[in-house]
């Protein structure tokens, strides 16, 4: 089952093109967790998360310096290499300096029929939620125009339901991961594939996966780890951890629990509910101040019986780097050893990380 | 290592600034009279703070002072010792080093900065300051106010929803200040401050206009100094009068055709921040007849809007949604750069890549691409704007020398 | 009338003595730790070889990173301008120059008269420099001179991921340990270098003809990989390391010919 999800991720470009042919619908590329995909889904389009590739960004590096966060550069690089030619549009939210700069570079250098900058407040407040709801109203109108479909309140509620169901299933996956019935790599394949395939289809796949997993015997004696990362685009890093004898039982990352931990309020007015969840309940360090964010990490670890933590921040990510000392202090205060990596999103670094992870795990084993 | 430091000043009025700055910092250290002290990031509107008699300390400027006084290495090391990566903003590391002290931290210029009662950061300039101010707030255990406003890559649109949100945040900000100080915001006083700062802003815009003249009446060496009162004393009589005197001097120089060099052979635009510990680079070209006629970092080119509303907060909301200096994506920056090159008769552009000022840093390669496509000569130099340990004299000078050689040998 | 160009680089120091359109002689020595006196030494060697005395030299231009410490030079010009001039003089069709030196790598664009138009430098990291290849040669148990020829024996190319010297060293070491053939590993290394310098070249735009200068220009393996990447046959000077000094000597000649003050651009 996991193999199927892995294939969906690895062959995501072909899959998206096949979906287009099958349905005649539009595929919309999305950055970061801040974009309410439900709106895209409700418009009858397929939202796909743009992920970095672990290869040298030969084209991207002509537009960005090399010592900045490599994730947006990698995405731009793939676009310039034509891998994203099938996209009918790209949504860039107001997330951080690099992503904003990438919006500009995309506009100048990539031919795309629809490029939308989604204004997101940079401060979490009730008034901010209202403002964001207004912005989502505009976004909705724009999507309606792009798709040629109008979005009724009912269709929006339906989309929210489908997405909430997916979040619930992924949370169940989290629980199974704590109990050793699903590995860290497996849950990551679930999350990543969720970002790439139609949500209703993914719900079916998830149900099957969880069904299968609950029949298993719990896995053995991996060292139980929390992984906190700024961005992991694939499962290579988790794979490495498992090869070294670690078992990721809790995570704090955008391609992990931050994506699904909180659901949208199904009772409230849809745009308000989306604004509330997407602004106030994504524990991204750019917006969420350290106090609230560390509480979130604490919650993510509860019941997971964590023995150690690995923090993986892509280089030059200010948002994560400033918080690193606090996160590290909090974890160490709980008696957890911490291993820190400054990531570059290359293949080569994985091998050098192996030694460190092996030693770290051995040390925890004692 | 860095051999020379301050920029040569060509104008008389520029020489007034050091005394003003010293006085500002000295006054800020006097906490008598119950004035509350706010640590602020650049972009926090000083008019409100002035109207509430709050002692505002703009930290980034203090970092540039530390850098200019050649103290960045020690402070940065102290900041890094506390766990702050070398990747992060040089200003932040310097201030954290100053705040946390330790054996690496040198003696603080001007006797240090006044201890804060609260901190204020704006969310819409760069990522780094959010992290940095949150860090200080935790370390000092003091309240932090985050002033938010829409980002708008369209460069500001006067749109009800955006204005309404901006206004709500400014009101919320005012309420926070009222709570912290125990006094009410005097809106009449604020209106008067806004009028004053509008006027000195407009004078600065005029001065920028005047700098289009050939020969250049005032170059970047002076410009980076005279920008100071407008940034940190906006809304005061002193600031207003300073710019009036400056305008008069620039005007006179234009009339008498007094330039910065005896014979102007080439004019440059400095794109990005200068290296605060080596401002003399701005004068480096003068020996060869080159002038840095204009810089884009604090460029003011739009006159103030007349007052948009009786309520000064609403007025600010409307004006600020229309003008955001760091907003605008690369296309807008590129357009602005093209305009500057054309209007200021620029022959070449110096692209100063400051890795730790990521906001500007990420835009420079694409800006370079635009300049290359349009055949505008340019040179790239790279080091931190505040942390002098990153400066490599040989490498920087080689690039600048080659660029000078190119400027001098170009076909006219 | 004889002019001289002195190029003090991080690894080697060079002198070219120019009389009219002829290179009277050139000399090359290792700069060594005391770069201050390497200028004197390399000049003395050139004078000795050509049986000339310092008085015979009408004008001297110094270039290279050590140009400011050549006390007997009349003028200093950056190696960027000098390489443009020198390469274009050797090959009048030259418009793009790739100089791969000991410690840095430069991409240079010039016009039809060898005037510097644009440049990009990579002096922040070792990739594509002599230093890097020296390290790799040591790891592979070969001499620097052998690298090119050995790489041509490759039957297949091993993919090298990293051009960062730190990572590459361990990567190459483990590949050899795994039993990969040295030529194949070298071919991969050279490819990786070519990819890196290609990016540098793209920063200035590649216009034919392309000239490769600097010590690495003698490494036929790297040259071939670069040619493949760029899609152009590169023009190679017989003495790739003296092009900077040659350019300096040419500029010195211009000074004298046009009268010193006027010719100052």
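To keep things simple, chains are lettered A, B and C as they appear, and every chain counts its residues starting from 1.
Criterion: a contact is a pair of C-beta atoms (placed from the backbone, for glycine too) under 8 Å apart; a residue touches a chain by one contact, two chains touch by 3 or more.
Every value quoted in this text rests on a predicted model; they were computed, and no experiment measured them.
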Chain pair showing more contacts of the two, A-B and B-C: A-B
Innermost chain by mean C-alpha position: B
Interchain centroid distance [CA atoms averaged], chain A/chain C, Å: 46
Distance between chain centroids, defined by C-alpha means - chain A, chain B (Å): 36
Interchain centroid distance [CA atoms averaged], chain B/chain C, Å: 41
For chain B, residues that touch 2 or more chains besides their own: none
Per-residue overlap in chain A, given as positions that touch at least 2 other chains: 62
Interfacial residue positions of chain B with respect to chain A in the complex: 82-85, 87-89, 92, 123-124, 126-128, 130-132, 134-135, 138, 144, 146-148, 150-153, 161, 164-165, 168-169, 172, 329-331, 353, 355, 358-359, 361-366, 369
Complex interface listing, chain C residues touching chain B: 65, 76-81, 115-121, 123-124, 204-205, 264-265
Chain B-touching residues of chain A, taken from the complex the two chains share: 62-65, 67-68, 94, 96-98, 100-101, 103-105, 107-108, 117, 119, 121-123, 125, 127-128, 130-131, 134-135, 285-286, 289-291, 315-316, 318-319, 321-326, 328, 342
Residues of chain B that touch chain C when the two form their complex: 372, 377, 379-380, 382, 394-395, 398-399, 401-402, 405-406, 408-410
List of chain C residues in touch with chain A within their complex: 161-162, 164, 167, 170-171, 174, 195, 198-199, 202-203
